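The structures considered in this document are given below.
Below are two complexes that have subunit A in common, paired first with subunit B and then with subunit C.
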Partner chain A sequence: MADDFIKTLKLFFYIQKSHFKTAFLSVGDALSNVVIMLINNLSFIFMWWVIFHNKGSINGWDFSDMLLLNAVMNNAFAIFALFARGIQALPEYIDNGSLDNYLVSPQRPLFMIATSESTFANWGDLLTGLICWILSGYTDLLSFALMIYASLCATAVLISYRLLVSSLAFFAGDTQKLGDNIFMAFITFSSQPASIFTGWYKVMFLSIIPAGFISLIPVMLIKTAALPVFLFLSGAAVLSIVISAAFFRFGLKRYASGNRFGVR
Partner chain B sequence: MTDIIKVDRLCKKFRLKKNAAGLKGLFHPEYKTVTAVDRLSFNIKEGERVAFIGPNGAGKSTTIKMLSSILHPTSGTAEVMGLIPWENRRRLAYHIGTVFGQRSQLWYNLPVQDSFGLIGKIYGLDDIEFRRRLSKLVRLFEIRDLLGHPTRSLSLGQRMRCEIVASLIHRPQILFLDEPTIGLDVTAKEIIRNLVKKQALEENTTLLLTSHDTDDMEKVCDRVIIINKGRLIFDDSIHALKESYLNKKYIEVTDDSGAKIKTVVDTKTTPVKKALDELVQKYHITDITVENPPMEEIIKEIYRRD
Partner chain C sequence: MTETLLKYGAFFRAAFKQGLLNRGMLSGLLFFLFILLFIYNRLWEVIGIQDNNSSLNTIYIWYLLFAEMIILSLPKPDRVLTDDIRSGTMAYYINKPISFFLMRYAEALGSMTVSFLVMGGVGSLMTLSLTGVPPFEWRYFPLIIIMCWLSSAINVLFYCGIGLSALWLESTRTLAVAVERLAFIFGGAIFPLSIYPDWFVDIARWTPFYSVYYLTIKLVYDFSWTNLFEAAVLNSLWTVLIVGFVGFAYHHLNKKVNIYGG
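Right, the complex of A and B next:
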């Protein structure tokens, strides 16, 4: 078991190394893409600074909340885009049959799918996350630990959600667009000041489009360090992994039974 | 010798939604069942090179997908290296190699040797073992000059050689080849055939190869399994296949006007002498050839009879 884990970890690093190598075939492109991503993100944050500067606060949120949100959200998205981007391509793999390559592999199919793609530019997101955290002022050790933990939970929710949405392709034909759009909505929701969602929106925000778990709840955790928030976020992370992994497995069974295709 | 593949009354039915579009399709789906593989049984011994032949839609790819653990059967069972494929996916992976002519297992943008490196790691080979194995395959398949190129820049024939090497790195005892020569020109096909056969002989690899090119089967394999509509219709050596149709002779004569006349003679009902006499009487013959039926015709005849 432990041996298996270490082997998988080694393979993980080897795969990342080859993604690096591919990205660095043109060093200029790779680095400028990272810088462009960073500038893009920071100008977005600057826009929020202007808004908060004029309005003071939005439904009780101030700019430091917004910075913490961006720290966590950028971290989560970066980890997804760098290390699990392949999940986004799952509908394509199903459609063109390259999923079969992962099924005849001695590794877990989901591991192979997730690590099959990586976009180097998203290192810019990780830098953005770091900068936002430093600017937020929550730089004591406890806040740092909470920020890391919240980012990991947020990553779990984000990747799980992407997996859930991608796995729709096991059940219906061409769902790439649909999946991309749902995921896009998720990301857009999570990049707004979370305090604007109230009532039914808030319910949706913490259920069918669970963007709250990569914005509202992580920020609450870092600011309050409260145990109930900690447990709520942890629970959400675990639950989303369990649900999406089960859904993926169910889809894979269906694929293996060849029931996916319909005639036009 | 032991049976390395056992297939026992294997069935695969696909359920297709008939009215896929619109609301009606969503709420009242109507299904129609396609039987892709129908009570198929055969055994393959270690080291055999088997051609798996059949017309389009016969169920060849579906069978290979079940044997290589990609698909679950509807009923029946199979054992590959003593394992039930779809229940032992990851364990079986170490023993089988798969090449699907229509699909690549190499990383599109990576140099070929990096793809090989990744595959070595995926199968958990250590570095020394991996290097030794790869250098042997590189020599055998003559791909040294291709190693530094990304897959996307290879010609189809070059890519196929690399695909086969990729599937052999972990020393599989069984190699499944689904149309490995599809789309290749005559020369490239010939190269692939020779290399596949050479490798199989050298390492006693068991082959199951599908193709629509009868030359692939004649030049690489020693046994042929023919299926049609998912059912087995022929299973014997290539030699026996030819023998059983040797009573047909293809005669082509040219008369003095240059016209070519072709006839097929069934020697069971008409002796060759009688046929030739008739031709000689009818035409002023300037040239004549008598041939055994080409493999293409034999296969066509078998499909027709079924």
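Right, the complex of A and C next:
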């Protein structure tokens, strides 16, 4: 078991090294994309600063809450885009039959699919996360540890949601664009001040589109360090992994090979 | 002149028809537009209740709709032109009795117009159902639509210019993304520039995005003939500058063209 884990870890680092090498084939491009991503994220944050500067707070949320949200969300999205981006391409793999290549691999198919793609520019998101956390004012050691933990839980929810949406391709054809749009909607929901969703909106925010586990609950955890919030977020992360992995396996059973012929 | 217009009109119509058939892309655009309108309507509703201003969401959601019509309808002509230049495809067109650049521009205009009109029609109904009444008088609606379509056409031209810069740049995609972000922030794509600090607006004024996006879209909630005139004059000025750059780049392109392979 432990041996297996170490082997998988070694493979993971090997794949990441090759992604790095690919990105650095053009150093200028790679670095400028990171900087542009950073500027893009900071321009969003500037936009929110303008709103909060004008309004003070929005339904109890202030700018430091928004910075914490951006820290967690950017970290979660960066980890997804750097280390598990392949999940986004799953519908394409299913539609064109290239999923077969991953199924015959001696490693777990989901691991191989997830790590098959990486976007180097999203290192800019990690930098944004760090900047937002520093600016938020919650810079003590406990808050930092909670921010890291909340980011990892948010990553689990985000990746699980993407896997769930991507796995729809096992049941219907040509779902790449639909999946991308649902995921984009999920990200857009996550990037708003969570306090605007009240009543039934909040129920939806924590169920059908579980964006609250990327924004509302992580921010609550970092601010309060409360055990019930910690358990709630951890439970949601575990549950989302279990549900999405089960849905993926269920879909995989239905998958019939694309009979794609090619040389690798 | 009429013959020339008919020639490029044919490219426009072909791209328009092709765009209409791409239902997956159109429904995706509408879905994303609906989510944006829904979320930002909620945001402005909450802020409106806080500020005792119930018309806040009406103003800002209609503004957002027209801003997104300009932004989301852009068909990425920069990528098409860059690919044409890099792959040498343009060499096939250069000896034809058409301008390669105008052909691509007409195609991009056709694709943009489909998305623009579909989002305008369905988006207006969505926004109307969210806000009840629009912040403008209906008699000005056609003028606002025409002004926003013209802004979209300038936007397409701008991105075509970025595509042509593949002559000098290694990666035009990076430049396109950078311009997109600048447009987003200096054009007030989500929130109008009226809520930004004065120092920031003073900087934005010197960019094309100020008039192409903000001044044009502002007509939605602040229509006056003076504002319309100001937007039209500034947009014309920026169009002249962009056309100047495109003409210069295209002239060089014709000289430098290389044919790769067959």
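Just so it is clear, the second predicted complex is superposed on the first by the 255 of 264 C-alpha atoms of A that agree within 3 Å, B and C clash if a C-alpha of one lies under 4 Å from a C-alpha of the other, contacts with A are read in each partner's own complex, and residues count from 1 in each chain.
One rule holds for everything that comes next: a contact is a pair of C-beta atoms (placed from the backbone, for glycine too) under 8 Å apart; a residue touches a chain by one contact, two chains touch by 3 or more.
This structure is a prediction, so every number in the text was calculated from the model and none was measured.
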First, second, both or neither for A:Y201, with subunit B first and subunit C second: second
Which of subunit B and subunit C A:A185 touches, first, second, both or neither: second
Contacts of A:A226 with subunit B and subunit C, given as first, second, both or neither: neither
Which superposed partner A:S43 touches (first subunit B, second subunit C, both, neither): second
Partner chain(s) touched by A:D174 [first = subunit B, second = subunit C, both, neither]: second
Touched partner set for A:Y14, first subunit B, second subunit C, both or neither: first
Touched partner set for A:A145, first subunit B, second subunit C, both or neither: neither
First (subunit B), second (subunit C), both or neither touched by A:A246: neither
Touching partner for A:A256 - first (subunit B), second (subunit C), both, neither: first
Contact footprint of subunit A on subunit B as seen in their complex: 12, 14-18, 20-21, 25, 62, 65, 68-72, 86, 89-91, 93-94, 96, 98, 100, 102-105, 107, 109-110, 114, 117-118, 121-124
Residues on subunit C engaged by subunit A in the complex (per definition of touch): 24-25, 28, 31-32, 35-36, 39, 42-43, 45-47, 50-51, 170-171, 174, 177-178, 181, 184-185, 190-191, 195-197, 200
Sites on subunit A touched by subunit C in the complex: 26, 28-29, 32-33, 36, 39-40, 43, 46-47, 50-51, 53-55, 58-59, 174, 177-178, 180-181, 184-185, 188-189, 192-193, 195-197, 201
List of subunit A residues in touch with subunit B within their complex: 7, 10-11, 14-15, 18, 21-22, 96-98, 100-101, 103-108, 112, 173, 253, 256-259, 261-264
